[in-house]
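There are structures below to look over.
After this come two complexes, each holding chain A, first together with chain B and then together with chain C.
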Partner chain A sequence: MNKLLEVKGLTYKKNLRTILKDVNLDVESGKIIALLGENGAGKTTLMRIIVAIAKHYQGKVLLNGDGSEVYRKANIAMTDNLKGLSDSTKVGEIEEFYQKLFVDFDSSKFEQLRSFMKLSNDMKLGQLSRGMREKLEIALTLSREAKLYLLDEPFSGIDPMSRKRIINSILLWKSADSTIIISDHFVNEITTILDEVVTVKDKKIASHLSADDIRAKGHSIEEYYESLYADEGAE
Partner chain B sequence: MVTFSSIFKELTQNKARLVRRLAFLQVITGILFGFWALFYSVFEGESKAYMMVAFISITPFFDLAYLVLSSRKNEEIYASQTWRLVPIKESTLLFANLFSAIVDGLYLVVLQIGMIAIAGLPVITTNEFWKTTFKNFGSIGEGKLWQEAHLTDLACSVILLILIAIFIYVAISSVNFTGKVVSDFLPEKISKMVYFLVVVALTCVGLIVLINVYWFVLNSLTGFLQNGMFLTTLSRDALEVKSNLSSNYLTMLAIFIVDLILIAINIVLLNKYHEAKI
Partner chain C sequence: MQFQDNIPIYVQIEKYLYRQIALGKIKPGEKVPSVRQLAVDLTVNVNTVQRALNQMNTEGILEVRRGLGSFVTTDTELILQKRRELIKDTMSEFLESTAQLGLTPEKTLEELKKFIEEEKGD
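Right, the complex of A and B next:
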């Protein structure tokens, strides 16, 4: 497998608070990885740095050996809350927006994902429930032919039945050589599709293990995650 | 990578909604104000002109509203993850955002000219209107305007207004970016207060510059309307005319340089420090 993403000696501070300290992470292509950690552990910040929208950090972030911000943005698809668009924007207009601004956006894939998520082109952003909005965010993100997908807590507002259906179908929507990093609290629901588990704790990458290694030790991924917080009580 | 034209088109379309809403609001306000003025005979002169005068009177307020709302929109775009995720250089985003606001501003001006022309149809088709207008505008009334007005002066005044609009947009961004960057380097508890203080301090400096620019524009336009030339004084002395024209060009150059400096500062801040909100 090729090395897709390299994060070297990454430190990020904001408001005199260290959020990430000397983070090192290597990710290969073709994997599905869970990024786990407590609220405020720095998972979202790490994703924002990887996709080049968080600034003023120390260290290096390389995608296929290239550290340029534009290259990273062009090849990484990250879920976005769409707050930059007005509530009156229709789903169909958002599709056009993505089509024009992301050259790797595949409209036919979006149409399939849109009907899978039961979204209509006439629906306005302001009319969508939290769950529906998250479904739209996932559909838009996975419709890009990116090398790396960053899904930041994508299922938190989605009902359990739809969540299960979406998680089980994620493998269908990704190409063999692309990688997905999912940050989520619903550990037990995503375990079946995971290849690797990365945990963020105390501003650092506390562990980076393959899902098979965890299972080989007789633990479920949820048990393993809970064991990291055994002393303090997991969330 | 996305081209400048793609993002420019998207941003222009995005802000065009604001222009159309403002134009619609101006039509409604203009009609109501016009009828109110007609009913109470608020203006002097021919009643046929009331509707046009009403539209002309409210136009500066809507231009000002556009300036405020489009500036706010510009800052929202810089702070938006949706727009910052677009694979494009930060400098390209800045130029596209800036010029889309200018182009949409010109779009509003075109719509306003249309509104005023339609509202004035009953009156601008009469000879009397033109006679009164010529009389009111001094040398224009004597038919000297087109002998004396230089096309370059007219072009200069348009360029000057665009340069001032750019100055306002980039100055607001500089204040906002600087405030955010400074507050990001301070504890969260006081970051909002520091942002507020930085914004207030920089706004005061900006306002002083703006007031000076305002008086310059006012003098220049007054000179243009009364004398048919783009002057800051009404002197007819050839030497003074030459020197005043040169000073106008120098002022334009000065504003252009200030714009460039602020744009360069904004690019650095956007590139290195200013982050989109989560």
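Right, the complex of A and C next:
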């Protein structure tokens, strides 16, 4: 396993508020990793910094040892909530848009994913249910030949069947050496597919463990995650 | 298949495959499904499946042939031995849980016999 991503001493402030403080994280290639934390813990911000959308941070973010933002943008695929597009935009038009925007976008892979997700090219964005929209976001993201994929809460508020399909698409289409980081504030939906669990708490990375190491101690991932917040419940 | 979330998944995949082999669902010398296929069937990570297969390869139950896949051993004695181990494991787990109900092994056996008789009567 090669070191893929290194985050060193990352601090990020926005409107005088510290969102991330001295965050350190090492990620290897070929993994599926959960990034867990409460709403507002800074998971999305961390992802946006990794993919070089959010700027003006302190510290280092290296992908394959390369710290340039251009390199990271070209090799990291993050889900986009497609909020910038109008409701009348068709799935096929979004695909064309992605093709122009990303050189690593693979149209044949998208066609496979699109049909697996049961989406058609003439569906309009405004017609899609929550689950279908989420499936589209995942299909677009996984269609890029990236080294690192960042899926920002892909399972929030969707039905179990859509969830199952998204999980299977990850298992079927993930290349062996790419890594997928999935953020969530709720863990037990995806525990069986995880290699590692990273938790964010109090603006920092609270822990980074192998999922089966947690289980080897007799804890479920959910119990472990809840135990991180156990002290606070008593206050 | 449902996994217990407080036992390492690779251990549970091993057990699952042992059961398939012990029950003859995958026969001696037969190829087991590909890593990716098992990952999708069981909804688990490819790395976790690989870890389970490697472990079984070390134990001699499977033979991992590079580029071809994994095959069940043709050593039927080894399979029988593994089956006996599985039975023992199941028994000791059962006795552990009855012990938690305050039953000695002897009392457990007595209760079990009674239970089987009653089931037959139904």
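Everything below uses one rule, namely that the second predicted complex is superposed on the first by the 228 of 235 C-alpha atoms of A that agree within 3 Å, B and C clash if a C-alpha of one lies under 4 Å from a C-alpha of the other, contacts with A are read in each partner's own complex, and residues count from 1 in each chain.
Everything below uses one rule, namely that contacts are C-beta pairs under 8 Å (C-beta built on N, C-alpha and C of every residue); 3 or more make two chains touch, one makes a residue touch a chain.
Given the structure is predicted, the values throughout are model-derived calculations rather than measurements.
**Student:** Would you sort A:Asp195 into first (chain B), second (chain C), both or neither based on which partner it touches?
**Tutor:** It touches chain C, and chain B stays clear.
**Student:** Contacts for A:Asn15 in the overlay, against chain B (first) and chain C (second): which applies, first, second, both or neither?
**Tutor:** A:Asn15 sits against chain B, while chain C stays out of touch.
**Student:** Thinking of the overlay built on chain A, is A:Lys55 touched by chain B (first), by chain C (second), by both, or by neither?
**Tutor:** Only chain B is touched by A:Lys55; chain C is not.
**Student:** Once the structures are superposed on A, label A:Gly30 by its partner contacts, choosing first (chain B), second (chain C), both or neither.
**Tutor:** second
**Student:** Is A:Gly84 in contact with chain B, with chain C, with both, or with neither (first, second, both, neither)?
**Tutor:** A:Gly84 sits against chain B, while chain C stays out of touch.
**Student:** Classify the contacts of A:Phe97 with the two partner chains as first (chain B alone), second (chain C alone), both, or neither.
**Tutor:** In the superposed model, A:Phe97 contacts chain B only, not chain C.
**Student:** Please give the residue numbers of chain C that touch chain A in the complex, ascending.
**Tutor:** That would be residues 3-10, 36, 39-40, 42-48 of chain C.
**Student:** Sort out for me which residues of chain A touch chain C in the complex.
**Tutor:** Within the complex, chain A touches chain C at residues 30-32, 164, 167-168, 171-172, 174, 176, 188, 191-195, 211-212, 215-216, 218-223.
**Student:** Where on chain B is chain A touching in the complex?
**Tutor:** By the definition above, chain B touches chain A via 1-2, 6-7, 9-10, 17, 76-77, 80-90, 183-188, 191, 271-278.
**Student:** Under the definition above, what is the set of chain A residues touching chain B in their complex?
**Tutor:** Touching chain B from chain A are residues 14-17, 44, 48, 51, 53-56, 69-71, 73-74, 78, 80-86, 97, 100-103.
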